Amino acid sequence: MMTTPKPSAKTPDTAIYDRRESGVRSYSRSMPRQFNRAQGVWMHDSEGGRYLDFLSGCSSLNYGHNHPVLKQALMDYIASDGVTHALDLHTDAKTDFLQTFEDVILRPRGLDYRAMFTGPTGTNAVEAAIKLARKVTGREMVIAFTNGFHGMTLGALACTGNAGKRGGAGVPLSHVSHEPFDGYFGDEVDTADLLEQRLADPSSGLDAPAAFLVETVQGEGGLNAARPEWLRKIAAIAKKHGALMIVDDIQAGCGRTGGFFSFEDMGFTPDVVTLAKSLSGMGLPFALTLFRPELDVWNPGEHNGTFRGNNHAFVTATAALREFWADPSFADDIARRGGILEQRLERIARRHGLSTRGRGMMRGINVGSGEVADKITGACFDEGLIIETSGAHDEIVKVLAPLVIDDETFNAGLDILEEAIAEAIAPVDDADTRSERKLNVAA
Amino acid sequence: MMTTPKPSAKTPDTAIYDRRESGVRSYSRSMPRQFNRAQGVWMHDSEGGRYLDFLSGCSSLNYGHNHPVLKQALMDYIASDGVTHALDLHTDAKTDFLQTFEDVILRPRGLDYRAMFTGPTGTNAVEAAIKLARKVTGREMVIAFTNGFHGMTLGALACTGNAGKRGGAGVPLSHVSHEPFDGYFGDEVDTADLLEQRLADPSSGLDAPAAFLVETVQGEGGLNAARPEWLRKIAAIAKKHGALMIVDDIQAGCGRTGGFFSFEDMGFTPDVVTLAKSLSGMGLPFALTLFRPELDVWNPGEHNGTFRGNNHAFVTATAALREFWADPSFADDIARRGGILEQRLERIARRHGLSTRGRGMMRGINVGSGEVADKITGACFDEGLIIETSGAHDEIVKVLAPLVIDDETFNAGLDILEEAIAEAIAPVDDADTRSERKLNVAA
Amino acid sequence: MMTTPKPSAKTPDTAIYDRRESGVRSYSRSMPRQFNRAQGVWMHDSEGGRYLDFLSGCSSLNYGHNHPVLKQALMDYIASDGVTHALDLHTDAKTDFLQTFEDVILRPRGLDYRAMFTGPTGTNAVEAAIKLARKVTGREMVIAFTNGFHGMTLGALACTGNAGKRGGAGVPLSHVSHEPFDGYFGDEVDTADLLEQRLADPSSGLDAPAAFLVETVQGEGGLNAARPEWLRKIAAIAKKHGALMIVDDIQAGCGRTGGFFSFEDMGFTPDVVTLAKSLSGMGLPFALTLFRPELDVWNPGEHNGTFRGNNHAFVTATAALREFWADPSFADDIARRGGILEQRLERIARRHGLSTRGRGMMRGINVGSGEVADKITGACFDEGLIIETSGAHDEIVKVLAPLVIDDETFNAGLDILEEAIAEAIAPVDDADTRSERKLNVAA
Amino acid sequence: MMTTPKPSAKTPDTAIYDRRESGVRSYSRSMPRQFNRAQGVWMHDSEGGRYLDFLSGCSSLNYGHNHPVLKQALMDYIASDGVTHALDLHTDAKTDFLQTFEDVILRPRGLDYRAMFTGPTGTNAVEAAIKLARKVTGREMVIAFTNGFHGMTLGALACTGNAGKRGGAGVPLSHVSHEPFDGYFGDEVDTADLLEQRLADPSSGLDAPAAFLVETVQGEGGLNAARPEWLRKIAAIAKKHGALMIVDDIQAGCGRTGGFFSFEDMGFTPDVVTLAKSLSGMGLPFALTLFRPELDVWNPGEHNGTFRGNNHAFVTATAALREFWADPSFADDIARRGGILEQRLERIARRHGLSTRGRGMMRGINVGSGEVADKITGACFDEGLIIETSGAHDEIVKVLAPLVIDDETFNAGLDILEEAIAEAIAPVDDADTRSERKLNVAA
């Protein structure tokens, strides 16, 4: 397969969008093309252009666009008049999904979770998770972390760190305390210890929490990866203080960081896990909240949603689990590709005196400011590479390539990125300059 | 087409659900079958049973299950590798939808709205609506109404009346005042007047509202239909007090009450409208928040969501708009069928001393208690009719048949309902008994 | 005693106030005099002026200024080095107060309350009352009433209706629902019935309340007097729904409406009562929260305050209880004087087509607007009568004369008021005009 | 004067308290005596006992009980029928107070503050301060500190750290973030730097604050004294981020730490200062909120309170300012006595391997646990010394002796304390034991 993108020069007519779509739209502003077809790692536009996708729907397309196996499964289902919408009635598609999830994901990992089919958006899965934690514990306060992102509905938004998104609420966002994530105060300060001291102190003003809501790698917040030992400490603190540990695995899960769950082999088991994004495998709306059976204190219908039974998504999700997770070779592939990504980003970082972030196939490079990052992603797009930024100041250029990308294409995309960075940031020549730059590019 | 349901007697094995699905599931408890196929007004189960669907995914399947035109459009799109997921990038499918929505819905009705593609759940559309109202007005309090239902995420849940659902929040639900809906205190008291008096009184303790959030017919709250004059008063009060009027048309819109919007021809134009449920036409997750262009004060990305670009839903929604709304005959059909429904329910009500509720194809009958209603819907299901309840005490048996149902099948379903009611409630013989029953069945 | 006021013409130098006191000051703006002496019903200014006090410190001076018996008791106490400040340690002064309160107030009325000495302000007594109700019930929401006033600290302010005062909070005032007071929607609508309907409806959105917080006569809110039958209904609703009934008797208590408590002989017993204002008898800071012994679930120190043991106030309060409440003649006197007040205000109201409000020695006249009321109170002040306004629009001229005023002086003061009203509002000549005016002066 | 206490052995009859006072009472439980007279540093009980007061009404009696000069001023005022209660009307007593406060306190210190006479409790002064900050900034969140105590009404309570007191609220305490006080994480971590990092980070989740509310020495929270450089940093951070710096000087002010204000000579000027406790000089209820004139954005009456014009307190406060603050010798005396206190506590601490806290005449000793502290204060009381505890676990024995105590009596009291500690805690013999104990007594 040809590995080179072929971008279009022409911006299509956007009059209907200008006239009828809200100004809240965002990606279409920096990528002003109209896309009409997508396959694997490629998106095609209406002018015949072809783009390599290093955004992957913000990690919603871990298996690439319209994977042929998933696509065929869905077409067969539709052709046979399989149930499309059935609220939460039992359907063949749902049965298959649950059984496959048990067989392929839970059993091999020794995990015992119940699945709650929430409204099919990540934010809804998070809302369900914190509602459950509040119900189970009878407490109101949730501890979330700096730079965390968990969604845009009011309950999840209260757990989100970003000031711009928080400001959209128009009401005070209450019942959440935002605590420093791992490494927030540098390598010398263990933020879990600081947190534990305050929780153990009856005069700290920090109320007893219902839950700790944490991403193992912060997708929107700058690809900060927590150390396993820090996560284990948080799990232990949660247990000690009678709170639930919720891992929001919406962006980091489904293989993005290596395993199906981002917390595998770390020595702790979350009480609650949220999944969405790549869960359906094909980008269809689907979200799950998983929790230990003992925590399943819901009354029937206490949290529901019209589209909680998106059977199309069940079909593609089941096909994806079977295709990718039934044997361990996929995880091995991710690990290998993650290694390539790490090496190439590290090389770029060293050359320009920058630093890298992340884990597995969820990595980025801190280019010092949002302005520089925008310049870089803009230059990439001009070369046919779709890539975006992350972080408090949008200063992290993040690589979220499809996990199934072949090495040649992957490297071709990284070449574009490397060149764009080289154009935007002069290389570091000697030690003095390097340390100087570090100061300038600090967040 | 044969119009008689053929229910299965056998309950399928549910071990995987018992083991792996949360106890929050609800409909599958009262309808313990596994469904594997659905077409038009019929659902089929794994035992060969056939069920007439008077629930329609809570009004998400107004055009029936898997309508052939919509189905074909979707299969063609998938076959051609049409973009499935693209965040909010412009796609052919999205362009088509916006253009068709403008041509078929907005222009003919003289409406000038901008569309915000929120996360594809109704609750997300409501959250966006109230966030916008709070941002536009700089105020925090939203006025919602008794028996209103608007969703399960924290912002929408605060606007929801039902105590059981509210209780799930685990935190106080703030910044909302729940005011009596039209007719709440009987025919003599105009609740809009009571509200206006308090809003005009600087010592009433009722803060100036950001918005009024109202359903024209309360889908979950008991099919209470507001009078047009009451809605006009609320619109006028909103305008006078600098608040936005938001019509939550998620359940009552898309033809359910007659027109595409439930407020057509009522003499007022909402500032904001929310749509979801039947918007995609095929039951796929899709939600929209519409608002006057002057209100479009969003910053890019200030409210977003991974699945806000569900292109499959754009495809089927576009096909549905063209198929059903391009000429006025569909609305005429709904009006005619709504008339049938009204007559049959009224006849039942008269016979048993009951009362009816609702408007268009969104009607129900108050059978006095949730226990009686459950008995009736259970008896219907045993005869192969899927039908559910609504209201504060689940005391309203509600008919949400597909709008496209043919008269013969419709009547066959209503026959089952009539018989079930007759078995559950003795007929009224004379005036004395009737007035007595009225007391017994009062909510 | 000479009964005629002798106002000063000269405004004293206020430079120190302009320079050093916050602009939040209020009464000194409409009454720009410097007072240096006060005895009984009279206040004296630095220019030799003498003013009849129909404001009585907003009902904090029910026994007049510096009553000789109270004054002597206090001077004796100070001279003997009686304990002034002792936190909540037992002192002779506190023992005497508690014993006298039991003997003179509780026992004769068959009331069994425990006394909580809160910080010595009314708002603190209210905060303690609602904290207790929330603790006892485990619920968060308090029902307060339109036009209610309960204080300015955040918890009490949330229960206050006035928008201007609420606005000072700078944060949303949560966990309170403001419901229509008795008569709010006119004589035909019983607002207790409306409230009961919503509380009984699980879909009304009105959460189960911890307490009902009610004034029997709304001091700041316009002297609206609740009917005993309405108050009994509220007490019954509270009981039925597991909430506490709190009577805020801070302004209406201590004899202002006739008995020591404003709810005496009304056929219900509040669960909690707050007292302050005239409790010390001499205007010294003192507040109490009373509650049924079964409700005394406080932990030691769970609500406290440095000045909760204001022993000077205990001394004067004890003297006042003995002087005024040990035999029933004082209540008889108040009833008689209240009758004089009623007759005179009614006469004025009839003459000018106005309406009166209130009960006992807590009455006012609605003059239609705050502007007219200001004109009237300004004219009174020019004649040496201190009198103020009340109500949502400050449209009620309220008479809060000392309860101990002699008839001659009382009538002299009311003459001044009558004349001022006559100058501000033309008399009504015939029926037509009268009904017209009624429209104009409606709140 | 004889310097030895003479405690009573007999506990008086407390039946009236058991019957009629709420269980919320606290000090009277550990000090079961009835006090009837108090002079200077001594309290006398009804059995003839005499107690040395090292509690001083929690620093409300800095000049001792019933100081003769203040007492005489008050008696003269009462005898002359000086105005006792006048809401916020101008009175001679108020004029004198404002003028004296300007002359004796503000001018010599180069401070330009306006005075707001709030309800006469500390908590009310704090509520006014944070309301003002929210109004001025248009922001809602206030930053308070671990172990901070600011009062018991809802707004101030939200700023208080203690979990027991917070729990009394019965509602979530919102709009406040509790941040680590100076030294909270040990000497190596500058908590102001941690705070600044989060405030500067738009993704930290820490909203922009309206104010920083800080005690320079935390009276209830364990006598933690902030370093001047930390306070200056907080002042600078507040300024940089557009927030007000509020110093709550209710317990540490009025000479307790040396100067009239606790922040004198520290190189910063708070935007807002709260005063109460010893402000009246005699223990009478009085509170003030001071702020820069530019911040005086209050509307008339926007925050008020019935007892905001406690003229008796104005009289004694004015006398106290003149008696103690007109020349610098008093501050010198405090400094000298504070030195004695420091030396004696340090000696005790060294002997027992303990640590001391505090500044000026506001110091304590950490005895490791609340149980040990209770044993010590109980033993002191048996010897006639009134002394109390402080801190998250009540583990700090705090000395709040009257500032006017003579050296002999002071030392006599400290002898009692020293002996009580020696009985409760064995002395440290060698280095090993000492370091071991340190672990055991850590908070």
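Chains: A, B, C and D, in written order; residue numbering restarts at 1 for each.
By definition in this document, a contact is a pair of C-beta atoms (placed from the backbone, for glycine too) under 8 Å apart; a residue touches a chain by one contact, two chains touch by 3 or more.
If you're wondering where the values come from, they're calculated on a predicted model, not measured in any experiment.
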| item | value |
| --- | --- |
| Copies chain B and chain C touch via same or different residues, half shared test | same |
| Duplicate of the A-D contact set - from C-D, A-B or B-C, the pair where over half of the pairs recur | B-C |
| Centroid-based (C-alpha) most distant chain relative to chain A | C |
| Centre distance in Å when chain A and chain B are each reduced to the mean of their C-alpha atoms | 32 |
| Distance from the mean Cα position of chain D to that of chain B, given in whole angstrom | 59 |
| Inter-centroid spacing, chain C versus chain B (mean Cα positions, whole Å) | 50 |
| Sites on chain D at which at least two other chains make contact | 140, 164, 171-172, 174-175 |
| Chain A residues within the chain C interface of the complex | 171-172 |
| Touch list for chain A against partner chain D, complex | 140-141, 144-148, 160-164, 166, 172-178, 180, 184-185, 189, 194, 197-198, 201-208, 221-222, 391-393, 443 |
| Contacting residues of chain A [partner chain B, same complex] | 12, 14, 16-17, 19-29, 31-39, 43, 46, 55, 57-58, 60-61, 65-66, 71, 74-75, 78-92, 95, 98-99, 101-102, 106, 113-117, 119-124, 127, 130-131, 133-135, 138, 140, 151-156, 158, 164-165, 167-171, 174-175, 210, 276-277, 282-285, 289, 291, 296-307, 310, 312 |
